[in-house]
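Several structures are given next for inspection.
Below are two complexes that have chain A in common, paired first with chain B and then with chain C.
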Partner chain A sequence: MQRKITIKALTLVFLLISFVSYASEDTQKGDLKTEIKAYIQHHLEDSYDFSLTSYTNDQGEKVYWGFPLPVILWDNGLKVFSSSKFHHGKTVAEVDGNFYKVYHTKIYKTDAEGTINYDAEKHPTNAKPLDFSITKNVVVIFLVGLLMFLLFRGLASSYSKNNGIAKGAGRIFEPIILYIRDDIAIPNIGEKKYRKYMPYLLTVFFFVWFINMLGLTPLGVNVTNSISVTVALALITFLITNFTGTKDYWKHIFDPLGDTMPWYAKIPLYIILIPIEVLGIFIKPFSLLIRLYANIKAGHIVMMSLIGLMFIFKSWLGSPLSFGLAFAISLIELLVALLQAYIFTMLSALYFGFAAEEHDHHEEAHAH
Partner chain B sequence: MEKLLGEFSIGLFFWQTVLFLALLLLLRKFAWKPILNAVNDREEGIKNALDSAEQAKREMENLQADNQKLLKEARAEREEMLKEAREIKNKMIDDAKNEAREEAGKLIVQAQASIQTEKKAAIAELKSQVANLSIEIAEKVVREELSNKDKQVKLVESMLGEATLN
Partner chain C sequence: MEIPVMVGAGLVVIGVGIGIGKIGGSAMEAIARQPESYGKIQTAMLIAAALIEGIGFAALFAV
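Up next, the complex of A and B:
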């Protein structure tokens, strides 16, 4: 009984304190909101140096915990320099008499003061040199590639060492490899042709999955929410699909009705049908790249917003609530990381299946 | 759309493509091919092992059936042999009995015949001995009788007397 009363009293005290603190923070809330917004925006962007975290020290300076990366520009000749010259975007870097400045994660050519001129829509009009810098995302891609290579190389060599039985860390992935083979590749592409697509399907699945998972760690990694990365992946799917396309695949696009009706009857239909089919070639990989990009980006924004909410609420009710929400969302994101990798692989396999199909589809033609 | 294009970075795209293709080629050569081959080999091995086990089982069954058949045949043969042996035995016994009976019959007939001849001989002997004995007796009696003259005379007289009577 005594204890219950104590708890009640404590709750009341906390409630009061939290209201008080809520009130006192009110003046700073505007700042905090914009700061969080900027932080989220910053997190979603690529950066020229590998900083895992940053904090503001006692002197009010931002201290970054990380290391600079090489910047590689093509601007009338190759220019290579360390990203530490930008001082996290605060200063102008001078290389061979040219001046460069980072503005919204893009490098612009400027004058010595770093002036950036804007057009009417507030877009910078400065010249942009061709930028092949090793950014944070490139480093992460490379590290994931290295990890995958070591992991699966280890798995591959464990088979020969152990008489065809997997050993070591890689064996966890054996069932997944088999799943991709038996439930993604074979049903979609067919028993006869699935073999040549397997390396791509496996690589893309594990690559997307691992990178998505890394994005959920607090390291501030986010690669699959860069449109450039998803474009590159979808482009490879697109190229493989169309370069391995059989006669039937192209016939399906340019002569979908086949011999079901005389040629003069097909002409008016084909004026509509062929553009749709041709557009379909491009829409399929485009949907791949947008889906992956948007899902991962939305996930990151929601996660970070909920985490940001904890700091905005600063109350005993709001913060745990947003913590709970953030926790729930992060669990969902774990699923999404796998699901997006699965969907990308699955749809790629489906498209390869269209490209590789080689059977008489008169029946299908009737269905059209 | 414009924002998307603004976000697009040719450098990242370039590196992603290059690194991903390199990764794809490396993994294909050093990881996926060996892994998929090993898994295929293993699955094939399991399938073969199952098949051969099935075959061995079938062979075993065949063998067992053969054994059963052989056993049955052997049993039947033994039965046959026993039956034959019994028949032979019975026949032999019958034959022996018949022969013995015949032989015995013959022996009896012979014995009877020899008994008959013996009997006849004995009777003949007995007759001759009886005749001899009676002759000897008669001789002795006659001699005794005739040693005395009176008696001889008497006998002659009696005989004469009888003869006269006749």
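Up next, the complex of A and C:
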């Protein structure tokens, strides 16, 4: 019992360190509130190096813990160099006579001094090379992919080796896989067709769940905070839905009333109905991507702000308050990480169900 | 006089809160009446709540 409590307390401390460690990054000295805002902004952004934490040493220099990542640019030829050349965004990197500078997490081409020109709206006018860099988010996505491959490959092969009984670390996920099959895929897609959608549903569920959970660890990663990741996920759902759509699915969109009316009566209705249905094709994946992105981002902002309270209060009251609130929100975030993965999978399965539907025309005639 | 965008967003969030509250309340009543169909009710509840939530986020992002 004692040991369990100790383990739980340690886990909690680790969870909180992840956010506190980000709050120790340096920014321009200003008033405290803008500084905390800058920390939160920094935490929500992708970066070119994987920095875990930083501290100021005795000589007053910043020391960063972490490792640089490769920067890959296409600017009249392939340019590959280490992100350590940027020195955490402070210096200009020189590659083959070209100069690059990081400005607001984007790489711009500059002159030797790193001058950035602005237009009237304060947007930089410098040229932007095509950026294929392996950023922090990309590294995490690769790692989660590798982890999932090893885990589920091991689980799958253990069935054949062990007479149909799961073995190994992947075993704890077996009930979840069965749950996705029996309670998400089959009721929504149907007994006949669910099999071909299962690989995607399982992949997207575990991918989103693992990545959301990693966002709560001391690594300080936040992949699903980045809208491009959720756009990519929703785009895959969109493509699968529409490429596996049956004749009935498209008929439902372009001829929803079917034979219930003569054609001349349908025309005025269809002027309104068809645009709405077509718009619906795009709104479905759009709501998926916004939901995942906004939920995770909102959770991270709330968590960071609560930890920021500690620095604002600066009294014996502030720390326990901030700690307690952050603890409560951490627990909710653990639930949200799972819930968002579940909802994404569930709604994807629902959309696939629409796409795979095939009306039994005899039964429909009875229903009307 | 111009009404700030944030007031509008706040109104939307109030609406979303009422909506999700009603869904949760109705789901609980339904579960109390028919505990055996707990799983199905919960799934339907989560889907409806998630769809409404999407509108709330859309309003927040408009700010």
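Just so it is clear, the second predicted complex is superposed on the first by the 325 of 368 C-alpha atoms of A that agree within 3 Å, B and C clash if a C-alpha of one lies under 4 Å from a C-alpha of the other, contacts with A are read in each partner's own complex, and residues count from 1 in each chain.
We take it that contacts are C-beta pairs under 8 Å (C-beta built on N, C-alpha and C of every residue); 3 or more make two chains touch, one makes a residue touch a chain.
Computed from a prediction, not measured in an experiment: that's the story for all the values here.
Once chain A of one complex is fitted onto chain A of the other, the partner contacts of A:183 are limited to chain C, with no touch recorded for chain B. Using the contact criterion defined above for the overlaid structures, shared-chain residue A:77 touches neither chain B nor chain C, since it reaches no partner.
Which of chain B and chain C touches more residues of chain A is settled by the count: it is B. Touch criterion met: A:145 reaches chain B, while chain C stays clear of it.
Shared-chain residue A:291: touches chain C; no touch with chain B.
Within the superposed three-chain model, A:347 lies in touch with chain C and out of touch with chain B [touch as defined at top].
Common to the chain B and chain C interfaces on chain A is no residue.
For chain C in complex with chain A, the residues that touch the partner chain are 39, 43, 46-47, 50-51, 53-54, 57-58, 60-61.
By the touch rule above, chain A contacts chain B in their complex via residues 46, 72, 106, 130-135, 137-138, 141-142, 145, 148-149, 152-153, 155-157, 159-160, 164-165, 174, 177-178, 181, 195, 198-200, 202-203, 207, 226-229, 231-233, 235-236.
Contact residues on chain A toward chain C in their complex (touch as defined above): 183, 187, 287, 290-291, 294-295, 298, 339, 342-343, 346-347, 350. Residues 4, 7-17, 19-24, 26-28, 30-36, 38-39, 41-42, 45 of chain B are the ones touching chain A in the complex.
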